[in-house]
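Here chain A shows up in two complexes: once beside chain B, once beside chain C.
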Partner chain A sequence: MELTISIILGFMIIGAIYAIHAKDLLSAVIAMGIVGYGLVICFLLLKAPDLAIVQIVIETITLVIMVAVVLDSTRKELELPFDRKSLVNMVTGFVIFAGLFYFFLHAIEHLDPLGMHSLRMAEPYVNGAVELTGSINLVTGVLFDFRAYDTLGEAVILYTAALGALTLLRMKGKKTV
Partner chain B sequence: MEGMSTIVKKVSQLVAGIIFMYGIYIILHGHLTPGGGFAGGAIIAGAFILLILAFGSSALNLKKEVAGSSNTESVAILMVVILAIMSLLMGIKVFFTNFLPKGEPGTLLSAGVIPLYNIFIGIEVAGAILTIFLALVIFKEESSK
Partner chain C sequence: MTVYLLCFVLFLVGLYGVITRRNLIKIAISLSIMEFSIFLILVLIGYIDNGLAPIVDPGSNAQVYVDPLPQAMVLTAIVIGLATTAMLMAIAIRLYRKYKTFDIREIKNLRG
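And now, the complex of A and B:
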């Protein structure tokens, strides 16, 4: 399973790199779709269907909105000249990447293999969730009983995002009337 | 934004109802099968977005629609908070307590208040995503005038 996930991750990295460098913005949006749907397959392989359902629906809606936006505005990528400033940016990015990768290599020596984490905190949740919450689906039991404050926060964030989009977009529209 | 051809309109009419029912199923069975309020709400919003894309924004009164969807999500998030406060008044006085009887695990009417939270979170997510989409559509309509 690690090999399959590695192949899918490779495809996702190629898609992300192509999305950055594509001259046509529509093909960049489609390449971003590779990343999203590859993540869906990874979630399914890692046995997380709850996340996979949410990810596939949100990815589709986002792709529809992004394609509509690209078709409505422009399909051309901005042409930026290559000068000393971009060279400094590239070198800085590469140095930070190398530093983080070095510490990452040291950090994973102390981790358990993939999917074999020690469940110190989660052990009581996994074993006692059905008796404590009455919900067979462990994810829903954790979301709405053990971690209900997190769920309230997520819902409030979504509510605020909708109000913000409504306020900002309608103000621009009202000004022209 | 104008609508699409007759074939697209008819097929989306046929499919949107099934997608809507699937979203309701995901929400109601959130405590039994994978899914829940967030996934089901996103699916329900997808059914509405499919219909709006197929029929075009000229087929509906956008101001009325966006007022309805934002009112719906506001009432739904208020209901979640009211349910959480109700558990302060009943049973052990702790915020977000599961104060209803748990029932037999595995049946549809079980797990106390968790299905109610699922339903209202689902309505809230569907209303929020639909409101954001409608705000974008209204912005395009008003800026192209």
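And now, the complex of A and C:
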């Protein structure tokens, strides 16, 4: 299991690096699709079918939005000049990455190894969920019963984002510059 | 442990994209990549070997299910990720119509 996930993650990393370095914005957007759909396969292998369904729908919507934006504007990636300032930035970035990596190595020492997770916190949810919520799907039980207000807040956020996007797209801008 | 490390490498690739690219679309893509790596690491933490998907079969008892709590949390996070990406794209297309470029070095009317 660990090997399979590692191979898919390797493909996802290659896709991510290509997406960041592509000269054409359209191919960058499509390469981001590799990462998103690779994530769907990982979710299926990790026994999370609900997540896989949601992720495949949302990845498709994101791709459609991004392709629409790119086709409506320009496909050219910018030229980045290489000078002394970018060298300083690269060194700073490398130091920050090394620091983050060090702290991450310390942090994962306290995690259970993959597949040996103990259901310490989820025990009451798993044991009593079917009788309490009447839903045989535990994820749905958590989302729509134990944490129903959380889901309500999520719906409000979605609505607000849709309103914000609509407002931004309908506004008439000032013709200056 | 390798899987956690690879997840973190994916996160670092996204961070690298955010801090080095100067194109709004590329920055949005890099943010999505960082999001994906966080989702994967949360689901990996909740995985149990030979566990079943968290859907209870009433006929059989004494089964091991994978942890449903990280899955519920990631489900919320995925949907909110779509909301942020849609907002980012709307802002990007507005800025493009005004400035005719995605270059954040040239979009500086908001500078104080």
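We take it that the second predicted complex is superposed on the first by the 172 of 177 C-alpha atoms of A that agree within 3 Å, B and C clash if a C-alpha of one lies under 4 Å from a C-alpha of the other, contacts with A are read in each partner's own complex, and residues count from 1 in each chain.
Following the convention adopted for this analysis, a contact is a pair of C-beta atoms (placed from the backbone, for glycine too) under 8 Å apart; a residue touches a chain by one contact, two chains touch by 3 or more.
Keep in mind that what you see is a predicted model, and the values were worked out from it rather than measured.
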item	value
Touching partner for A:Ser27 - first (chain B), second (chain C), both, neither	neither
Which superposed partner A:Val35 touches (first chain B, second chain C, both, neither)	second
Touching partner for A:Thr133 - first (chain B), second (chain C), both, neither	first
First, second, both or neither for A:Leu152, with chain B first and chain C second	first
First (chain B), second (chain C), both or neither touched by A:Val54	both
First, second, both or neither for A:Pro113, with chain B first and chain C second	second
First, second, both or neither for A:Gly10, with chain B first and chain C second	second
Contacts of A:Ile65 with chain B and chain C, given as first, second, both or neither	both
Contact breadth on chain A, by residue count: chain C or chain B	C
Those residues of chain A which chain B touches in one complex and chain C touches in the other	49-50, 54, 58, 61, 65, 72, 130, 136-137, 139, 141, 143, 151, 154, 158, 161-162, 165, 169, 173, 177
Complex interface listing, chain A residues touching chain C	1-2, 5-6, 9-10, 12-13, 16-17, 19-20, 25, 28-29, 32, 35-36, 39, 42-43, 46-51, 54-55, 58, 61-62, 65-66, 69-70, 72-74, 77-78, 80, 89, 93, 97, 100-101, 104, 108, 111-117, 119, 121-122, 125-126, 129-130, 136-139, 141-143, 147, 150-151, 154, 157-158, 160-162, 164-165, 168-169, 171, 173, 177
For the chain A and chain B complex, residues of the former touching the latter	49-50, 53-54, 57-58, 60-61, 64-65, 68, 72, 130, 133-137, 139-141, 143-145, 148-149, 151-152, 154-156, 158-159, 161-163, 165-166, 169-170, 172-173, 176-177
Chain A contact footprint on chain B (complex, rising order)	26, 30-36, 38-39, 42-43, 45-46, 49, 53, 66, 70, 73-74, 77, 80-81, 84, 95-96, 98, 102-103, 105-106, 110-114, 117-118, 121, 124-125, 127-129, 131-133, 135-136, 138-140, 142-143, 145
Contacting residues of chain C [partner chain A, same complex]	1-10, 12-17, 19-23, 25-26, 28-30, 32-33, 36, 39-40, 43-49, 51-58, 65-69, 71-72, 74-76, 78-87, 89-94, 96-99, 101-103, 109
